[in-house]
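Okay, got some structures for you below.
Look for chain A in each of the two complexes below; its partner is chain B in the first and chain C in the second.
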Partner chain A sequence: MNHDPFSWGRPSDETYGTYNNTIASASPFPKMNTQQPIITGTSVISMKYNNGVIIAADNLGAYGSLLRFNDVERLIPVGKRTIVGVSGDVSDMQHIEQILSDLEIENNYDNSYADDEETLKPSYIFEYLSTLMYQRRSKMNPLWNAIIVAGVEDDKPFLKYVNLLGVTYSSPTLATGFGAHLAIPLLRRVIDREEDIESTNLELAEKTILESMKVLYYRDAHSSRKFSLAIIDKEQGLVFKKGLQVENMSWKFAKDIKGYGTQKV
Partner chain B sequence: MSTEYDNSVAHTPIEHRFNPYSDNGGTILGIAGKDFVVLAGDTRHTTDYSINSRYEPKVFHIGDNLLISANGFSADGTALVKRVQNSLKWYHFDNNDKTMTVKTMARNVQHLLYGKRFFPYYVHTILGGLDSEGRGAIYSFDPVGSYEREQCRAGGAAASLIMPFLDNQVNFKNQYQPDSNGKVKRPIESLSLEETIKLVRDAFTSATERHIHVGDGLEILIATKDGVKTEFYELKRD
Partner chain C sequence: MTSIGTGYDLSNSVFSPDGRNFQVEYAVKAVENGATSVGIRCQDGVVFGVEKLITSPLLVPGKNRKIQTIDSHIGCVYSGLIPDGRHLVNRGRDEAASFKKIYHRPIPVDALADRLGQYVQAHTLYNSVRPFGITAIFGGVDDVKGPQLYMLEPNGSYWGYSGAATGKGRQSARAELEKLIAKHTKNIDINEDDTDNKTIQLKVRDAVKEIARIIYLAHEDNKEKEFEIEISWCSNEETQGKHKLVPKELLEEAVSFAKETLSHLEDSDDSDSDDDNNEGSATQDNEGDIVLE
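Right after this comes the complex of A and B.
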């Protein structure tokens, strides 16, 4: 008898021959799901301010270390008061884009009221996406993305994060990927706690985001100069700025950096 | 496939498996009193060395004076709490709005957890409420649903730091009567609410000092026969 537990419970090859894969049209390979992203988008960064939220992402689609596509839009508007910012696998992002557009069309078709009374709110879109992401991870077939949903709901800024594991959280400043390490400290210099949102206006918020995009372009090898920025303001509504560029770059500060740059020598 | 019984080289494809779990830090703590129960948790949310959020509450009042928190992998934690809330809603619908006891909910939570025995919710769950005699009750669960009723329980990242402190300060472990030469144990007496809050705050400030995944804020939910109160205290943010 074969004492290997791995062979227990199987019809023995000596008696029955080797397993015939064509039975039940079984694949000779294990089931294959996404185990790694292919074309990727880097960080999405975002922050709240007194009248809404601001979110930015560059336009690069990278194939490993090859800067493959230069005109990828990673900020998806849904309805009039929501932006979905996606990083990670671009084909999965495009699949999500499709789902969100279907969702919006279906909702508009069912909406019998005027004046957007039943339009999708940021929290609805977020709930849908976070459920989708968690379902897919539970099927061991994840959508390889980190997503930030930004918007204005009931005149208050809305900002929430979900990733390929279905992990969700909310904070006055949010960033995905490299931005979580590089941009978040810069954003938290402006908004450290909940109370700081009230004292931050659009001008300051936009300046901070622009500065963070510059630092990311300096230090993140997988980033591009060209980026998009969206503002959802409770008075102005959705302001979408496409084809922006990182400006006023200068390495003059570099000569003053000593050690890790934290100590004053 | 090579096992300890077989060292033949097999020609199966090498599979790179997607890891469906992560650790989101944080810690929770429940203490039962004579006529109250507290369930507390810090509000920091992390992955690896990053602080994702400084305020992401994880202790919930789900109705019927029941408090619950599932700490560990936060996606599973929120999914579990959502299913608990849903099951309570159905219980009300099916039983003419009957109030669910904490004992009943505990058995219910066991079934929700064990139902995913072979793809577990990666969480340490603590349930709090008042029992049929009005005394505080804490039930704690492992990821696959094993549970027991206890006086107190710490869960999550800093559980190993807090639990021995609780053994000593709540159940008076290793405490003896003065002048008894270490022979007579200090009798167990239940704590007042004020003393309990002090213990909880001390436990969390100390855990914050020694554990990097604990900090930012402390949210304490207190259930008494008059309902649920929430208290918030700042913790160190470093």
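Right after this comes the complex of A and C.
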């Protein structure tokens, strides 16, 4: 008898020959969920200001380091007072987009004034998304995204973050992905603490965001020049600017960068 | 009704010898005594209106909505047994959601009409169910065929209309709709392609007033009963293709317009009296809906 526990309960090779794994086209794993994102969107950056919030994301869908799609809209409006900015896997983003649209339609069924007092508030949408993200990570099948929900609720700016691990947090300035390293320090130059929100107007906030988008385009290889920007202002409501471009760039610094490609250092 | 008592009216799924399905006909009776509902297909969208009889002074004015939304671009109103309508709308929502899940676009109005028609028709086939006691008017705007309006009857048949009315005041309402639509229709060859719905010159904003007028007029025979009016619309120009209640100010404007034209009519003593004042045989509850015996 073969005393190797690995062979217990199996047809013996001497009698039946070696088992052919391809018969059942069996995977070496019992089941496998998403291990990595495929088409990805890079950073989303956002900040509060005295009258609302501002959020921006570029329009690129990258396939690895290939700049594959250049017209991906990653800012999703939900109602008139919320924007959901999504980075990470684009197909998962599209799934979230669909869920949010269903959610909105269902909310509007029996709400006669769904434009104003009965509309979904940013906090409701965030609560829904954070629950969804945590539930999916607990099933070991995460939606591979980092999400920022931006909006105005009860005349106060709302800004919160949730990612594929179900981790949530809030801050007057928020960014996902590469932006969390590159843009946050720039945004914090303007708003470092809660108190700074009051002294920041829309003009300054927009300028800061545009400047950060420029820096991200300079330094993030998986970013595009074209981007979208949304402002949710407590007076003007939602202002959605699409097809913007990073302007006034200077690439002079590029010639001094050494240490890649075929150059002789 | 000579056939009552012959036994052929006890079940769906059984024809009478002269080829009628009595249960379905009784369902139509339930509709004929329901509150009046009206819909108009306009150049830029559709408008719905309904009469809401006030069954108790304790009901909160302006709440208790009757017009419902099936999908964000499709509205629905019905006369007859209200809970039957609620159920039909729920079914419509499921159909719209399933269409969107499969095809990633909003359900076209004609596709929804077909699905709801089949569902209602199925309720005339089985012994274990009764037919829907409602006639539903629904419609909206889609990007394939523009504004569309359908009326769905208890037997499951549905037709596209440029103006539809059902319920107690339907006859006077339909007469008014015919006049209104004739007045606003460009005189063109009937075979000419009208996919853009250009022949109807009426805009939803004006139709809102007309609907209020028509409902007030249709209510004339039922004068002793207090009522409220509810109007919704769905238009590319006014609501970005979404189905919504009309704003408060517009509703008030429409109601005062309706009251004014009606008082003019009474002054000239020229009111239309060509509508039905029969159907008094069935017992009604205080909502004007028929009570099934």
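As a convention for this text, the second predicted complex is superposed on the first by the 217 of 265 C-alpha atoms of A that agree within 3 Å, B and C clash if a C-alpha of one lies under 4 Å from a C-alpha of the other, contacts with A are read in each partner's own complex, and residues count from 1 in each chain.
Criterion: a contact is a pair of C-beta atoms (placed from the backbone, for glycine too) under 8 Å apart; a residue touches a chain by one contact, two chains touch by 3 or more.
Keep in mind that this is a model prediction, so the values were computed, not measured.
Visitor: On the A-aligned overlay, A:R189 touches which partner chain: chain B = first, chain C = second, or both, or neither?
Guide: A:R189: touches no partner chain.
Visitor: After lining up the shared chain so the two structures overlap, which partner does A:R219 touch, if you call chain B first and chain C second: first, second, both or neither?
Guide: In the superposition, A:R219 contacts neither chain B nor chain C.
Visitor: Which partner, chain B or chain C, touches the larger number of chain A residues?
Guide: Between chain B and chain C, the winner on chain A residue contacts is B.
Visitor: Looking at the overlay, does A:T168 come into contact with chain B only (first), chain C only (second), both, or neither?
Guide: In the superposition, A:T168 contacts chain B only.
Visitor: Let me test your reading of the model: by the given contact rule, A:N108 touches which partner, first (chain B), second (chain C), both or neither?
Guide: second
Visitor: For the complex, give me every residue of chain C touching chain A.
Guide: Listed in rising order, the residues are 65, 68-69, 71-72, 93, 97, 100-101, 104, 244-245.
Visitor: Considering the complex alone, what residue numbers of chain B touch chain A?
Guide: So the residues of chain B touching chain A come out as 1, 3, 5-6, 13, 15-18, 20-22, 24, 45, 47, 50, 52-56, 73-75, 78-79, 119.
Visitor: Provide the residue numbers of chain A that touch chain B in the complex, in ascending order.
Guide: It is residues 3-6, 29-30, 33-36, 134, 137-138, 140, 142, 161, 165-171, 180-181, 184, 193-194 of chain A that touch chain B.
Visitor: Quick one: in the complex, what on chain A touches chain C?
Guide: Residues 98, 102, 104-105, 108-110, 112-115 of chain A touch chain C in their complex.
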